[in-house]
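Next come two complexes built around chain A: one with chain B, the other with chain C.
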Partner chain A sequence: MKRWWIWIIAGLLPLQAFALTGEEVMKKSQAAFLYPGTDFKARVVMKLINKGGQERVRELTMLRKNMGEAGGEQKYFMYFFRPADVKDMSFMTYKYPAKDDDRWLFIPAINMVKRIAAQDKRSSFVGSDFTYEDVSGRDLEDDNHVIEREGKVGNRDCYVVKSTPKGTDADFGYKLTWVDTSTFLPLKEEQFDKKGAPYKVFTADEVADVQGIPTVVKRSMKNLQTGHRTEVAYLNTGYNLGIEDSLFSERFLRQPLRKWVE
Partner chain B sequence: MKFSLVEFSIRRPKLVVWATVALTLLFLTQFPKIRTDTNPKHMLPDTSDVRVWNDEVDKTFGLYEDTIVVGVENDAGVLNRETLGRIAHITDKILALPGVASRDVNGFTTITNVTAEAGTLKVGPLMPGAPKTDAEVEALRGALFGNPLLVDRVISKDGKTTAIYVPLEKGANGAEIANKIHAIVAAENGPERYYIAGDPVARDTFGAEMFKLMGIFSPIAGMIMFIAIQLMFRNLALSIAMMAVAMAAIIWSMGLLIGAGFPVHIMSSMAPVFLMAIATDSIHIFNEFYFRYREKHDKLAAIRETMQAVSRPVRYTALATAAGFAVLLFMNIVPVKVFGGLIAFGTVVLRLFSFSLIPAILTFVKEDKIAQAAANESVELDRSARLLRGIGRIGTDRPLAVALLGVVMMAVAIVGTTKIHINNNLVAWFKQSSEIRVADTAMNQALGGTSLGYLVVQSKEPEFMKRPEAMRWLEGLQRDLEGMPVVGKTFSVADYVKRINRVLHDDDPKFDTIPETQDTVGQYLFLFSMSAKPSDLDNVIDSGFQKANLWVQLKTWDAEAMRQVIHAAQTYQQAHPLAVTVKPAGIAYFNLVWNDEVLGDMVLGLSLALVVVFAILALAFRSAKWALIGYVPLLFTILLIYGVVGFTGKDFDMPLSVLSTLSLGMAVDFAIHFVSRFRQRLAESNGGRSEAAVREALLWTASRPGKGILRNALLFAAAFSVMLFAPLTPYIAVGAFIVAMMLLSALLTVLYLPALVMLGRNWLLDEPKPAAIAVAAHSKGD
Partner chain C sequence: MMSRLAALCFVLLLAPPAARAEVALSGFLQQNTAANTVAANPDGRHYKWLEERAQLKLDASGGAWRLLAKGDFSYDHLGRQDQSELREGYVDYTAGNWDMRIGRQVITWGLGDLVFVNDVFPKDHEALFAGRPLEYLKRGVDAVKLGAYPEFANFELVLSPGFRESRIPDANRFHLYDPMPAVMNRETIKPGQGDVGLRIYRDVAGYDAALYLYRGFQRTPSMRPDSMTAPTKISYFYPQLSVYGASVSGRAGDGVLSLEAAYYDSRQDRSGSDFTVPNSQTRLLAGYQIQPAEDLSLAFQYYAEIMQDYGAYLAALPAGFPVEKRWNHTVTARLTQFFRHQTLRLSAYASYNASNGDRFVNPELRYSFTDKVWGAIGANVFGGKPWGQFGQLSHDDNVYLQVRFNF
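Presenting the complex of A and B:
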């Protein structure tokens, strides 16, 4: 029994995982979740389901182009198909780290492009349970991130990271994110409100391999306080398609190129 | 051998007393479980159409059942940096309170505003933080008064008042949250005045007043009765006995109510005072006992004879009272039902005591004490007895004149009843000076109105509401409604569409209209939903765009206001036909439905009570003719009181309408006592049915049992007079009603029964003798 110290080290082994800090885990997660590839395209079908089970559908094509490294500037283009009366509406966002986004909207019925102030990242994305932040990410510097423990989602090992906002601008008090230890995709996120009560739950319901990149192709967000939930499916996903920078302009907002949005 | 409860009680008085004490303690153990229910919604069962529909509307449009409104008023205007700083600070603290639905709190810092600044569309909180410069304050002023959606909602036209609307999560404790908000605003220094109003606050205040009535006013009523009894009989043991009987009956009834799991409601909170008053019916036993004892000077014999003489009337009066209250079990309004059952039970218990506990206690009373007290009890010596005889004599000697006067008064009273105005205004249940009334008045003056109704406009087709014609229809209806004096502000999805149209076109007033195509409307709403709080749109339109919810803020809680709104909507629809249906909802609509239920219940209750009381009278007298005679003073009393209510223009509300039913059951007691005792007396007397004999018997009845009636009425009135000082107006109205009814019906019984009997004596007394004998024989047989 002289080698008792071996057992102690063996017992401590899982802690090796903690070699990463909370910040590092979230940074890797952001890169894996929101920045893979140089660009990305998906046909997005969102189902907005209320407490009574009534469904509303939003269908759009989403294009994303990274302008630099992971964590850097990005451009988003969204072209709506459904609901029927908003067909041809398109929405463009220039996303900057640590600065308010620039947003433009094309309203086909009055043939007008309008800049939209992005003062509130907490507001709902097209009436869903996802906020703009949930869709395009939240600045990592806005929160303190600490690895609380290790956990599992299904059979996947995860870091459980607690993120607490530094300021008061967030719509949550803190959140716990289950980050896959190998893919670094967030598999689950529990948000708690400022009073500490469970608020919203995000789940990555299906992860698929797209051109060698693990991608969350089905996800959902449920508001536990209102019973409202949103289910999102990504169809026809593709990476590194060579989307031109010129697409992200007012001209194409009015008249998007078919090959990109169809 | 027939078991006699009275005999048993006289023989084993100690056993009876101890058994009562034990049972009373048993019921008392239930008291700690007491809970109150002051939610006006619970007036109707949760399966009632209006509640099911209102719940559905709440669900469809994501509406909250309860909202606290915090008013902030500054005579110098709220738009200055100091006041705005305080408002921001207060709102932050409110948002952090548990139970507050923080995401949907609407105040300066949280309410959604749609503006255009330098070509950029801005949808977001009106004032994300307190302004730091005067220029920012001026910008806020511009934003507020430039957006009709905000004026009269979060800012008064004169800029002196703002409001924070605080919706509560389901099951949150409104009273607790209101208290915390009180503490939050109390911590702020400054010239601002704060008003905290809304349903949850009203309910809580109501609950507190209810406990006050039960805990303070009921004991005071008891004390007053105790003193009154003591003055009447000058025997402490007797006074204590009567109070003990009343207390035991109250404890049994309330214990049963609480034990059975019923919450105490506005009606049942009055039960202790009612039971205390009903207990005074046993005064007839004591009254008679004193007279008998004076004649016989044998206590046990006096008890037996007393019980024989009064058993029949006492039993039937109890039956009548219990039946009067039991009629309430057929009502639609839940608390009224519970109240009816409660008092019916209490009355039965009281009568059980009349034949057990009271005789048992009488055996304990020392003979010399009774002798002392009874010395004054004689028809000849007693002043009040002589007065009563005098009143009776007016009836017997001038029957025609008395009857004619009655007919005239009845006619006048009937005119008065046609002026009765049914209305339940829950806020008016609080006194003018109460905090809640003050807050409600101030908010109604400054902002769009505190009473909220909805008009749900539904189509059969999905997406229909996005059509420009539907939007314009909504807008037109709003303009129509806003022309009504009772309507403060209206609010619908059309307001958002117009606002967005204008803002997208550089705030050009020309575009303050509904756009031409459905696609435009759809895209505007989509645009709005991209940036606003989800609830902003959910509150006014359903997810399928098939139902729109038009908010109507009313300046008064009068139920009539919502009826006017519904009528105006119907008229509008006739003038502007569109393939939609309009259904009212909301608390204001609930109040209207409930108000109509009160009316329906009153008509039903009154008819039922009239039938039941007549049946009981006929049964008690074994004669329909006598029942008819006994009916007269009763009807007369009620007509007179209703006439007065009609002439004074007081709102006829739920408590009064319930009383109208009950009063029949209670006021009939006097007629039963009078007629039974008169016929007994006449049967016992030797004068046959000659006019002189009838007159003498009537005068004897007026003075001897009449004294019991007078004492009963005085005690009743004394107990209820306490309620005149109660803090809630329904209690005051009930108090005044009962005091008036008891005194009036006692007087009318002693005056009109002799007159009517004299007038109709040939018709009344010309019946086969066995009936009269049967009555006498029956009463002796007990």
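Presenting the complex of A and C:
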């Protein structure tokens, strides 16, 4: 009993260890995962795999440019190579914090640029298990974030953050994110539906060093309720390429510059 | 036609830029059938469309140059001769703040969904009504397109040395309204000169704004009999036309709002007193598109055509001809719903003209069997007065099938 105070301190330790709040962890995670560099390019290969193992492949080039600080406005440009019926299609998003995105689609079949509605950010991205928000980020203000505990993914130490939507429009009830304590990349995410049943699992399957920036180059999302999953590989990744602001325009939506999309 | 196409492909393949270019060859094989559901064609056949088609696409680029050629080869089971055509064939040159496209190209202007306000470029109305894939709605123009992109706005100038008309439904396959069916002697006179269009566009406070100018001709023909009392011959011609228009689109509430307007200056008959030439006209369009749930989108349009010189039109119209209203109000709706990870798409388009009862409905179900093979089934249903745009086609309802294998 002489050492009673040790037990008190031990009991307080996990709380003291969290010098960061849940919001701060998620903010750093967003910066590490979705905002590194001034711009970013990757050739994205998505495999959509159904319960029976049948595969469909979506292949595109993704370009991203930050318009300011992490957490601020971004522009995305995507150019599709596969499947054949969407070849040459391009898609552009101006992403704003705390406001609906602007989205444009170029439909090569009739050579038309169309502005498209974007209020449903929880929609599937090109039919995959990833939503638009999974690709380009969810507003941090949409959820309450609390650090639940510390955990490990493989041998990496992680904060386990519970995020609960403030509104009712999300398709999930809450999610747990395993955020690497040193890189702040999300290594795993478990989403639960509104009844609390396991819904979707995200895993960062490979993290590579790209120009000194830890980057998730392989990731997957599995829908536990349907058995459908999507595996994504980022190839030919690069940061700070000097992508011009003018690329994100109707002109290049119609005629993408080869040097950027190839 | 075939030899011209072959010669073009040959020239394109040997073009100097190809030496250091990246070259991609792709294409598809397609079956397309549309069967009548109400009545046989005027020529007695039971199909609106029945063909096999192959498309070859060559896409080569090197440096600032790009070359694209899309050629179709098809076999029509309904008696049309050589259906092969060069769909598109152009060379692009891209510089820092300007670019150029020369050759046959598809150009689409404006914001309408199967409603055309500032899209003055040729269409294939027959393709739409005969259940062909959407890309066949547009016909290429042989033109030079120059783009200039200074800081304050974007400019797109289209110069066509030769006029290309829209394709209207074939009278052998569709029941078209004809006010003088007894006159068999008919000729078509195409304009001997080309046309020019200019589009200027830029962002204005988060909205996409554009101005459009066009000087050329109506894309669908007007008919003129040699005599009103005892006609022996009918001439089809393309009246002179200028169009001045504007459009704006952007986010509004939870959806996207589109507004478009144009004035159709019927240069060949500014007084409106020649009944064979369309009256000058104002066209207005308001569209709204929302996405109320995952993989579901709804789009609505209100479209109006307003005749400019209605009094002159009424005074000049011969007795016995159908009388159009001054205002033509049309509403359209489109629903698009995806299923099965966006591999199955249900879409339905409906258009109703509140002024003359004209209506058109096009439901379609499309499924991607694999990444290379897709198929679609759908229907075209028409109704309205016998002289209306859709009403005259009320015996031409059809169901269609499209199957495509991409390679």
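Everything below uses one rule, namely that the second predicted complex is superposed on the first by the 246 of 262 C-alpha atoms of A that agree within 3 Å, B and C clash if a C-alpha of one lies under 4 Å from a C-alpha of the other, contacts with A are read in each partner's own complex, and residues count from 1 in each chain.
Keep this in mind: a contact is a pair of C-beta atoms (placed from the backbone, for glycine too) under 8 Å apart; a residue touches a chain by one contact, two chains touch by 3 or more.
These numbers were taken from a predicted model, which means no experiment stands behind them.
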item: Clash-or-fit label for the pair chain B, chain C on chain A; value: clash
item: Touched partner set for A:82, first chain B, second chain C, both or neither; value: second
item: Partner chain in contact with A:228 - chain B first, chain C second, else both or neither; value: both
item: Which superposed partner A:193 touches (first chain B, second chain C, both, neither); value: first
item: Partner chain in contact with A:123 - chain B first, chain C second, else both or neither; value: both
item: Partner chain(s) touched by A:48 [first = chain B, second = chain C, both, neither]; value: both
item: Partner chain(s) touched by A:57 [first = chain B, second = chain C, both, neither]; value: second
item: First (chain B), second (chain C), both or neither touched by A:255; value: second
item: First, second, both or neither for A:150, with chain B first and chain C second; value: neither
item: Which superposed partner A:109 touches (first chain B, second chain C, both, neither); value: both
item: Chain B clash site on chain C (candidates 94-102, 112-120, 220-228 or 274-282); value: 112-120
item: Contacts on chain A seen with chain B and repeated with chain C across the two complexes; value: 48, 50, 56, 83, 85, 109-110, 112, 114-117, 119-120, 123-124, 126-127, 171, 228
item: List of chain C residues in touch with chain A within their complex; value: 22, 26, 28, 61, 66, 92, 94, 99, 105-108, 111, 133-135, 137-138, 147, 149, 154, 201, 206, 208, 249-251, 254-256, 258, 289-295, 297, 338, 341-343, 368, 370-372, 374, 404, 406-407
item: Chain A-facing residues of chain B, complex; value: 59-60, 62, 95-98, 101-103, 117, 119-125, 128, 169, 463, 466, 504, 515, 517-524, 526-527, 529-534, 537, 543-544
item: Residue numbers on chain A that touch chain B, as the complex places them; value: 48, 50-52, 54, 56, 80, 83, 85-86, 89, 91, 105, 107-110, 112, 114-117, 119-120, 123-127, 171, 193-195, 197, 225-226, 228
item: Sites on chain A touched by chain C in the complex; value: 48, 50, 56-57, 82-85, 87, 100, 102, 109-112, 114-120, 122-124, 126-128, 171, 228, 246, 249-251, 255, 257-258, 262
